[in-house]
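Below is one structure; the comments refer to it alone.
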Amino acid sequence: MPVPVPNLYPPFNTVRLSHVEFGVTDLAKSRAFYVDTLGLQVSEEDSSTIYLRAMEERGHHCIILKQAAMAEACFLGFKVWDEDNLDRAAAHFAGKSLPVEWVESPHITRAFRTRDPQGIPLEFHARMDRLPPIHQQYKLYNGVKPLRIDHFNCFSPDVDASVAFWNDIGFRVTEYTEEADTGRLWAAWTHRKGGVHDLAFTNGFGPRLHHTAFWVPTPLNIIDLLDLMSTTGWLANIERGPGRHGISNAFFLYVRDPDGHRIEIYCSDYQTVDPDHEPIKWDLKDPQRQTLWGAPAPRSWFEEGSLFADTTAVPATLKASPIIAP
Amino acid sequence: MPVPVPNLYPPFNTVRLSHVEFGVTDLAKSRAFYVDTLGLQVSEEDSSTIYLRAMEERGHHCIILKQAAMAEACFLGFKVWDEDNLDRAAAHFAGKSLPVEWVESPHITRAFRTRDPQGIPLEFHARMDRLPPIHQQYKLYNGVKPLRIDHFNCFSPDVDASVAFWNDIGFRVTEYTEEADTGRLWAAWTHRKGGVHDLAFTNGFGPRLHHTAFWVPTPLNIIDLLDLMSTTGWLANIERGPGRHGISNAFFLYVRDPDGHRIEIYCSDYQTVDPDHEPIKWDLKDPQRQTLWGAPAPRSWFEEGSLFADTTAVPATLKASPIIAP
Amino acid sequence: MPVPVPNLYPPFNTVRLSHVEFGVTDLAKSRAFYVDTLGLQVSEEDSSTIYLRAMEERGHHCIILKQAAMAEACFLGFKVWDEDNLDRAAAHFAGKSLPVEWVESPHITRAFRTRDPQGIPLEFHARMDRLPPIHQQYKLYNGVKPLRIDHFNCFSPDVDASVAFWNDIGFRVTEYTEEADTGRLWAAWTHRKGGVHDLAFTNGFGPRLHHTAFWVPTPLNIIDLLDLMSTTGWLANIERGPGRHGISNAFFLYVRDPDGHRIEIYCSDYQTVDPDHEPIKWDLKDPQRQTLWGAPAPRSWFEEGSLFADTTAVPATLKASPIIAP
Amino acid sequence: MPVPVPNLYPPFNTVRLSHVEFGVTDLAKSRAFYVDTLGLQVSEEDSSTIYLRAMEERGHHCIILKQAAMAEACFLGFKVWDEDNLDRAAAHFAGKSLPVEWVESPHITRAFRTRDPQGIPLEFHARMDRLPPIHQQYKLYNGVKPLRIDHFNCFSPDVDASVAFWNDIGFRVTEYTEEADTGRLWAAWTHRKGGVHDLAFTNGFGPRLHHTAFWVPTPLNIIDLLDLMSTTGWLANIERGPGRHGISNAFFLYVRDPDGHRIEIYCSDYQTVDPDHEPIKWDLKDPQRQTLWGAPAPRSWFEEGSLFADTTAVPATLKASPIIAP
């Protein structure tokens, strides 16, 4: 595949990723993870649902935890520019013969649910309830001091197809990995909001949600989280890191919530607002692609992910194997 | 004045601030400051001009240093979405009876010069030469490890008028200070690229350039710069800080180049991409507005700035006095 | 005065500074400061007394807060090598005609009270109750994450005399400031435990306690404390900093407790265990002595301090004035 | 074995570890590693030898690199309190029937060579040439900003015997690992200078030098080194980390020099000056002993080490296997 070319005049203007809803099997345990350990703030909660936001967010929530019979990722939420763009988005999905259903979504003015061609359940909206700023209420900061939701990463059984679809609606590729011999995409990072990504795809049994990432101030906050998790009963939930990704140049840590949903703690990527920002190509065989410092990712990182609700996952089309830790 | 309302459908799409040209009276000394001390990278240089970029930038330059008879800020550069937007920008300025002159600007495809209503000299372009990424060439990082140009801050003799003009072309206010009794703006921070600002205005004899800011990874890099400047002959060039701004929540340091051009070193503001991001209002009398930790700014910080080339500055319309260090 | 020469074979072996008792006028408010804001851990408390320790300390306490009618520093505590050294210490003080009184000191095996020649009330002991380690209970870390008490700094009316006395009992000078014309000591830093100081003296109305310092992991913890104090009602208690001392090379912040007792938050000095470690001399007129980055200290920093209980303070013998912020 | 009991009145007073001499097979390549990458400062060099010191050291050298036919650790150097203690040290080793040879050691007043009972070659001295301080010459800081040599760690074939010997000369155990069933020591950390260790022993084919450690200011310096090594051709020399040790609580990274000599970069252990500081016991089977965050060490870390010059290594007496990364 040639270098991905962004669509600079997409049919509607997506501002950024917005929120995700997780089905969780033990709400109290999930609260202990997301609130007491990661440090997300509770916007609202009852016996079956918890709405959370990060420290610099003014939208009502970036994560919804919902007590459920089984662990799953219910949908990925995106925010568009305004109500007009929301209608144009609905029209675009409908025009692609994708399902469009307008739904009641708490704290959101108008929202519709749809899916991308690989089946990822999506929710689009233009306006979520806004809360007063808390970013200077330093007494509230704790855990890893999460500042904002940063991105989603999904397994896709056909990354070429995924990128083509999202590229068409204005998601611009910043970095990508291709199979040297076939030129097919193994993975790609695409953004709307001016960082390395809002949404990334990696080849694998899918669609499944690989991880949801939160931005934190500095690498020291990630070290603090490791110390905290290691000494409060969450040792087994540390999966990979800390390290520096070759791709994105970000300092990272991957942890798993009590149901196995993967959370990345992330800082220090770079600005990508230029429409002529050239994507960086990586070779699938380059070990520094994953970790600049050379350490390979564990097998679970390549194989495990959250199933999407009511969604059939299928094997990936590419069989090439990346480098896996022994 | 009521809360500033952003124009969400401006006449042209400005991506971000881009670069600034400084007239400097001793090019070698300025090089020692910007290259050897701050750590900016030389893209190109000859006996009269030096082009610099920061570590994660791919555009050819964010600062041009030009040997000159007197210290001045020659113009502020902005990047628009594409050539079509550039033409629309030129038409917009011309339609406001502002001077539009197409110029040869090195390493830029097409550029025009104009002024805002207060007289700030501006250069708009859509495409600057791109250089290979160096953000993972860690051997090159030194000084304060500057990652990218972040914003300009200008003295304006009439901040209400400045904000009205820039607001109209899509610059959205994130925070502002008003005089409690008159409701007039004392200062405002406006952005395009999704941070707290690309361009800010503060009441004062103007137009003059108050400062140009660079983004760095963490507060520790700012501490490193203080240690370095203090022990390499630049002690007197440290003007204010380190501290945390109330406005923007950023960790800051202000230093002066050999000609007195003020440079801010800056990190940790917050994401503002939402079109419905509410501006934060501050009272001019609140001491935490300037510095969250309470320390007032020195008198020079309120009074000194770089004159723009061939530009007449006039006294400010507001006479209210902020809090100044004794 | 010639360069201070350490007594490498002192009459008894002092290990380190140990603890301080403060008379405080509102115990609840002091608790809010030391426990809820600085993050010290409560070892024991009742309605009139609170015992505190820092995160890596195993001794029962480093600060005793005692409800009192007036704010004062009751005594400075020091730990000696063993009971034999304690007896030798008592004999040494008695031999200098200084008062020696064996006292009941809670959680301490044997202790005596005495004074140095300038009248500073002192308590010496060899063995305090030991508590289980908590340095890896990361859930407990909060506030500025204080790791250990680091040093005391006292106003002395005669620094030459103070240093001569403490030097004789093995406190080795690491850095000092002298009046250029008279060669008399303005200030001196003396240690036992291998850092820049356990006990420092600075010329002034005394004896009074200038400050008590706590060691923290990195400068970022100090920035966190500034953010916290600024937004939880302690803004006026921030006195000086953050900055880098020329002397000691430490990153510092000075804050005041509710009674005005001054606390320094401190990190990154250097190792001084070598018996032939040469003291560094500074000129009283060197502005980088106080702050490497050039900012002068406020007047309060030179004039205010905690009176010692039942102790008469007298004017300093030296009248030279250091550089004071306007 | 019972809890190790320190000898509080050893036959001579060792101040701290001092320096190490490495035989290296390509002096230029070693210089590129130690000077250009780690950032150690050259005190003196010629075509066959390079003397290095770290940023806050005033002794002439902490590492001697010597061009040699084969890679080896020539000796471990220790500094004692004064010449009288040096003579007493020599007498003590001689009294144990260990070889004592007075040698010419460059930049050292008087030095003798000896061995511990397991055969580790040692050099003791009281006085090395002192150099002017450079810790405030911030322009010189680079690489990982090494502040001082921190400790040696050796493979010992009989850790019980090693600890008994060094304990007897005043090295106090701070932490140790024992085999649960036999109560025999697997590893122990012993100190003189008030940190977690000057000298540690770990069970294995020995005596061999496991690693030499340098103290750095913060974990961010270690991240900087990883970024630098990863992008300047030293990727394969990164062996383990970054991580937090359970034992010592230190943040660590292990790298290998061009000959395989292992260097630890280390920060944030804790103060241990109290003579009644209780050692912490760890179970060999506790995975958090090695890495608080759970990641096991690679096989090389357990098996590889530097041979000492002219020294016979023998298999370890304990066969128990710690946890090794697959």
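For reference, chains read A, B, C and D in written order, and residue numbers begin at 1 within each chain.
Convention: a contact is a pair of C-beta atoms (placed from the backbone, for glycine too) under 8 Å apart; a residue touches a chain by one contact, two chains touch by 3 or more.
Predicted, not measured: the structure shown is a model, and the values here were computed from it.
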item	value
Pair exhibiting more inter-chain C-beta contacts, A-B or B-C	A-B
Identified repeat of the A-D interface (over half of residue pairs identical), from B-C, A-C or C-D	B-C
Distance from the mean Cα position of chain B to that of chain A, given in whole angstrom	32
Separation of mean Cα positions, chain D and chain B [Å, integer]	50
Rounded Å distance between chain B and chain C, as computed from the means of their C-alpha atoms	44
Residues of chain D engaged with two or more neighbouring chains	136, 218, 220, 227, 230-231, 292
Complex contacts: residues of chain B adjacent to chain C	218-220, 223, 226-227, 229-231, 235-236, 238, 242, 244, 251, 288, 292-294, 326
Contact set on chain C toward chain A in their complex	136-139, 142, 218, 220, 224, 227-228, 230-232
Contacting residues of chain B [partner chain A, same complex]	8, 15-16, 56, 58-59, 79, 81-82, 127, 130, 133, 135-136, 147-148, 193-194, 217-218, 246, 249, 268, 270-271, 273-278, 280, 292
